[in-house]
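So that you can tell them apart, the chains are marked A, B, C and D in the order they are listed, and the count of residues begins at 1 in each.
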Amino acid sequence: MTLFTLYAIGGVGLFAMGLFSFVAVAHLLRKILALNVMGAGVFMVLIAIAHPERAATQATGVDPVPHALVLTGIVVAVSATALALALTCRYHAETGRATLPEDGPGNEGSGR
Amino acid sequence: MNFDPLVPLLLIASSLVPGLIIFTLPEDLRGLRTALNLLGASVKLLLVAVMLWGVNHGHTYETEISFLPGLDLTLRAAPLPMLFVTLSAVLWLVTTIYAVGYLEGSPNRGRFFGFFSLCVSSTVGIAMAGDLLTFLVFYEMLTLTTYPLVVHRGTRQALQAGRTYLAYTLGGSVLLLLGIAWLYTLTGDLCFKEAGRLADLPAEYTPTLRLIFAMLILGLGVKAALVPLHGWLPQAMVAPAPVSALLHAVAVVKAGAFGIVRVVSDIYGIEFADRLGVLMPLAVAASVTIVYGSIRALAQDDLKRRLAFSTVSQVSYIALGIALGTPLATIGGLVHLVHQGLMKITLFFCAGNLAERLRICRISEMDGTGRKMPWTMGTFTVGALGMIGVPPIAGFVSKWYLATGALEAGQAWVIGVLAASSLLNAAYFLPILYRAWFRPPTGRVAQCEPAAGVEIAWSLLLPPLTTAVLALGAGLLAASGFSPLAWAKVITVREFGL
Amino acid sequence: MNTPFAGLWAVLLVGLPLLLAVGAYVAGRRIRPILVWIVPLVMAGMVTGLIHGLIDQGPLHYEIGGWTPPLGITWHIDGLATAMLAVTVLVMGAVCAYAPSYFAGSIKTASAEKTKLFWPLTYLLWAALNALFLSADVFNLYVTLELLTLGSVVLIVLAGTTDSVAAALRYLVLGLMASLFYLMGVALLYASYGTLDMATLGGQLQQDPLTWTAASLMIVGLLIKTALFPMHFWLPPAHAGAPAPVSALLSALVVKASFYLVLRLWFDLFRPVAPAPAAQFLGALGACAVLWGAIQALRADRLKTLIAYSTVAQLGYLFLLFPLSSAPAVAKTAWLGVILFALSHALAKAAMFLAAGRIQQLAHEDRLDRLTGIGQCAPLALSATALAGVSLIGLPPTGGFAGKWMLLVAGVESGQWWWALVVVMGGLLTAGYLFRFWAIAIAASEHPSQRAPVNWRMELPPFMLGVAAVLIVFLATHVAQLLEIGAAFPIGGSGEVAP
Amino acid sequence: MNSARSWKTLRIRPATVVIGCLTVGLTVLLGWIVCEIPERPLPLAAALEDIADEQRLIEKSGVGNPVTAVLLNFRAYDTLLELGVLVLAVLAVQAASAGIVGRPAGSGWRHNRLLAATVGIVVPVSIVVAGDLLWMGADHPGGAFQAGAVLSGAGIMLILTDRLGRSSFTGWQYRLAAVVGVAVFIIVGLGVMAVDGRFLQYPAGLAKTLILAIETAAVASVAAIFVILFDAVAGPMGRGNQDASLDVRGDRP
């Protein structure tokens, strides 16, 4: 097993774990964490792709593009996480709950 | 510069533009609104006169408007469209005058007259449509613009009627739309053409064409109130009298009947349709409707409902005439398009007058109305006798041509249908006339104070008088060169290539 | 001669709103009133310039920074992209004209503090939309998508209610998950093909499990963002709970943007390698959305919820494209039809939401059973809903009809009757729920309310949008010509709409 | 209703089992696929090969660090939008938090001597490190985001010790700092169009200067934004507004 596959499979594993947690758990903080785990998984896959074993650019050692993508992705993830946390705080402050209401089709959609 | 292509557009604009302006006017600008309406109606009449002259002198009025990719909207003046256009233009003017008087002081008149004008614009568009898609466009516009008129009063009953109206007409639209789309994929062209355009399609399409025919006729049959698609019509009677008049005489029901005529004669072609064997079922459906409508009318005590079922019955004369597939019957059907309009609108105006002046809408309350409102009931009598087919009123001419056409087609059973229908017509109209003229006034009629001047406002009396005179004239002068009958003959000659 | 200008217009279409967002944020509210009017006009001018450039010299490839595709990011500007830019300008213009009055008149909606944020957010959203429509780089698209999702979420929160926060949160977490699906797909594609440029990718995609998986991940992600049934559940609370101008932007443009991406990915990349059942499956989901959305709209007890469910239903229509376009002979008809449908839906739905906002303000709420006779208070707003609604139903002569007619023809001509039936059934159901509202609005009220003076700034924009949604049908031929410029569309089969 | 419980419990429902199976399936599928990624000639790799030599990379892009070259030259447009996302995050937390919490009272850490001493060392060092990262980023690993993150760390230390005052970071200085990165980026991007005609196409020879200018502005923005984000999110949570149900451990009363 090469380092590349190790990283890639690790990334896939993280992605799936995050996904499972995201779907299965209702607590908002855990959902946000799960999203970050998923994100980390994707980033790991990207970094694995950049590994010299695969990257054709021998001189630079690694393929810089996925690294740049990961950096961009991380910043996006940070922003999204901040927004999600801010909303969760607000929601919690107003309702005292940390889970979204489970609403069926009947009471979905509330105007104002 | 050639102004001819502009004329059809102007014809539609003459009611569309006033309608749109009326929407923006404040409710209390009654004078300006009325002026706009009458101006529009007069301009339209003038344009119709110009076009009638022009069509007779070889002008072609044809307009194309960019529409879907590969499909333009076309408006084209030909004898058949002109027949319907003339009817709408004349009846719009009288109905407008009537409506102004009838709705005096009621709320939401701006909305009413706005949609009223749009409704007429759609009707003219239906009449002038040069292809099936244009027809569909205006046909749906008609559905939409009549809905606010039907529910105008906003009562629970009116809303219910509006719901029923929509359920029926939109259901019909779906069939029509599917049929047209299917036809389009077969032929790639939807233009109306005298004597039809499908005759040269390969024989393997025959079953498809039959199916499409059924879809189109069912779709149109909803508005034309073919049994069993007529359920919305009696309910729509909750609308104000001018709306009922318009619905029955010009706009909705006629649009359906006119559509049937166009599909049979200008898409399929009467002779080709006959070969396909689709005309016989249509004739049977029309006959069933004629008899059924008359029988149901017998049982109604509400005057407007009785008139509504009478419409169900009478409009199918048009479909029957076309479906018999002979020149004489076609003449009968086409001329009935006009005659029925004139007579039925008279009857509805009178019903409106009775409700307005005497507050009665039931036949059982009509005793002695002739003495209180002789002019109104006089015109009512003309309309009713015309419906029965008493010469020399217009209705007789239609029935005569239908009957001779049936004989020409070798369909003697149709004579039976016509006779039964006339008997039934008599059975539901004559008692009304008897009550009106020969019974002493009772109930509300008796309590009614005699009016100071004329029995009712002039704006409510003149319209029925006019239409009654026209109905009488159309019958008396049927042989003259400018009667509806003469026009129908011209159309038929072209259709059959005689 | 025109190329640098066309390129400049494209750059400014992204750059200008970004700069404006920044400026509006720093400046607070001082420069706002002029901008409200000028910006949409300037943007409209630039879109017009771009369209002219396109008509003159065909589709435009713009290499940002001068780096050719595998290295840099490219914009691919074709008819479809410019059509989307144009409809964005129209909707944004109406929203910008409408919003000041809305926020000034809403008692419930938040303080000035928050309405101040509306402008930078809206301009950012505008930049994100334009950037998304122009881009042809799968990763750059991810960034624009995130910009779009986050911007939408924040705009929803401006409503200031707890419900809106919950709706925004649900939208946010699902949107983030969807983005990660998309990003994973991008990573796999890059791993296998070593490029992020769509044009380069399109030429070399192969039918292998990796491509299928990547395609599924990306498309599933986008479907969640497009709220395709059964992933639609986040949409109604979010779109109904947002302030009216925001609802208009979300329903008209934001969901369209992710649909636009599905369209791009499908036709530019994945169509040749996608197995046939995938298209049918997407169509089936679309059909379910049409029915389910309509049923829920029929049951809705609030006006804005009704309109939001209508969006769910109407989005379903768009997905009928995939099965219909699998028959080469009618593919182009279906493609044009769906895009016309999407464009007119954008106009109509924005009109609906803006008018609903006005009605809500007049009635102080939007429960349907409290809106009896509201039409007399706000006739212009009601006519806006009427014009827009007719287009949504797809009755002629409206933009919705143009789209529907072409879908029908495509369905009938390729013998796929069931899709044609879905199209007409959906129209009937749409009529059902819209007339339900209209009947209430024009019913005679027991307490006839005074006719409020027309608030032109709030009633004219939706009305004009409604008019546009109707009249666009008369431009359908020209729109179709524009769309065909550089359509990355395999012109297979007859393709021609008219024989 | 008990959020603490909802944190811990994973409700084992049939749906959960199904989801679990699906995720396992997805893992296996994706794992197999990443192992089987075929070897193909990769266009981008080929293009990079062309500039693999550091000297040629500097000639072409103005910087010697390939990641920086990608971030700020080849794919600079991505980075521009990404700075836009960061600005959006600031707008977001301000919209979300408006009106629910004022800035809570001080945490009392101000008088913690150990912390005060640490701050005194860490903050200046952070600033130096940030500057170094920024400068180094041109040719070695590092760059604007790393520098901005380090700098924001210093800012957060200052917040925690109440040394940044009690304003809630919505003044125009903070707003300007938050957007200066994206603003400079666009202005440079549009400005170079006057020279070379393409958006973000740095004129030959000016690339390094312009990239450095953009990066410097970006450092300021990233640092300011992270500070604002921290303040808006952690403010209510970290200080005074502790609540069991949002606490990760979930075991407080």
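Note that in this section contacts are C-beta pairs under 8 Å (C-beta built on N, C-alpha and C of every residue); 3 or more make two chains touch, one makes a residue touch a chain.
Worth saying up front: this structure is predicted, and the values here are computed from it rather than measured.
Colleague: With respect to inter-chain C-beta contacts, which pair, C-D or B-C, contains the greater number?
Modeller: Looking at contacts between chains, C-D has the larger number.
Colleague: Could you name the chain whose CA centroid falls nearest to the centroid of all protein CA atoms?
Modeller: Smallest centre-to-centre distance to the global C-alpha mean: chain C.
Colleague: With centres defined as the mean of C-alpha atoms, identify the chain lying farthest from chain D.
Modeller: So the farthest one, by centre of C-alpha atoms, is B.
Colleague: Between chain C and chain D, tell me the centre distance in angstrom, where each centre is the average of that chain's C-alpha atoms.
Modeller: Chain C and chain D have C-alpha centres separated by 30 Å.
Colleague: Report the inter-chain centroid distance for chain B and chain C in whole angstrom, where each centroid is the mean of the CA atoms.
Modeller: So the centre of chain B lies 42 Å away from the centre of chain C.
Colleague: Compute the distance, rounded to whole Å, between the mean C-alpha positions of chain A and chain D.
Modeller: 15
Colleague: Taking the mean of the CA coordinates per chain, how far is chain A from chain B in Å?
Modeller: 67
Colleague: If a residue has to touch 2 or more other chains to count, which residues of chain A qualify?
Modeller: Only 15, 19, 45, 54, 56, 65, 69, 72, 76, 79-80, 83, 87-88, 90, 94 qualify.
Colleague: Among the residues of chain D, which are close enough to touch at least two other chains?
Modeller: 30, 34, 37, 42, 44-46, 48, 75, 78, 82, 85, 88-89, 92, 96
Colleague: Quick check on chain B: which residues sit in contact with 2+ other chains?
Modeller: Residues of chain B touching two or more partner chains: there are none.
Colleague: Dump the list of chain pairs that touch, please.
Modeller: A-C, A-D, B-C, C-D
Colleague: Would you tell me which residues of chain A are touching chain C in their complex?
Modeller: 15, 19, 22, 28, 31-32, 35, 38-39, 41-42, 45-46, 49, 54, 56, 65-66, 69, 72-73, 76, 79-80, 83-84, 87-88, 90-91, 94-95, 100-101, 103, 105-106, 108-112
Colleague: Which residues of chain D touch chain C once you look at their complex with the stated criterion?
Modeller: 29-30, 32-34, 36-38, 40-48, 73-78, 80-82, 84-85, 87-89, 91-92, 94-96, 98-99, 172, 175-176, 178-179, 182-183, 186-187, 189-190, 193, 196-202
Colleague: Can you list the residues on chain C that touch chain D in the complex?
Modeller: Result: residues 4, 7-8, 11-12, 15, 18-19, 21-22, 25-26, 28, 62-73, 110-111, 113-114, 117, 120-121, 124, 127-128, 131, 139-140, 143-144, 146-147, 150-151, 153-154, 157-158, 160, 165, 184, 188, 191-196, 200, 204, 208-210, 213 of chain C touch chain D.
Colleague: Can you tell me which positions in chain A touch chain D when the two form their complex?
Modeller: Residue positions touching the partner: 5, 8-9, 11-13, 15-17, 19-20, 23-27, 29-30, 45, 48, 54-60, 62-65, 67-69, 71-72, 74-76, 78-80, 82-83, 85-90, 92-94, 96-99.
Colleague: Quick check on the complex: what are the chain D residues that touch chain A?
Modeller: 1, 3, 6-7, 10-11, 16, 19-20, 23-24, 26-27, 30-31, 34-35, 37, 42, 44-46, 48-49, 52-54, 57, 66-67, 69-71, 75, 78-79, 82, 85-86, 88-89, 92-93, 96-97, 100-101, 143, 145, 226, 229, 232-233, 236-237, 241, 243, 245-246, 248
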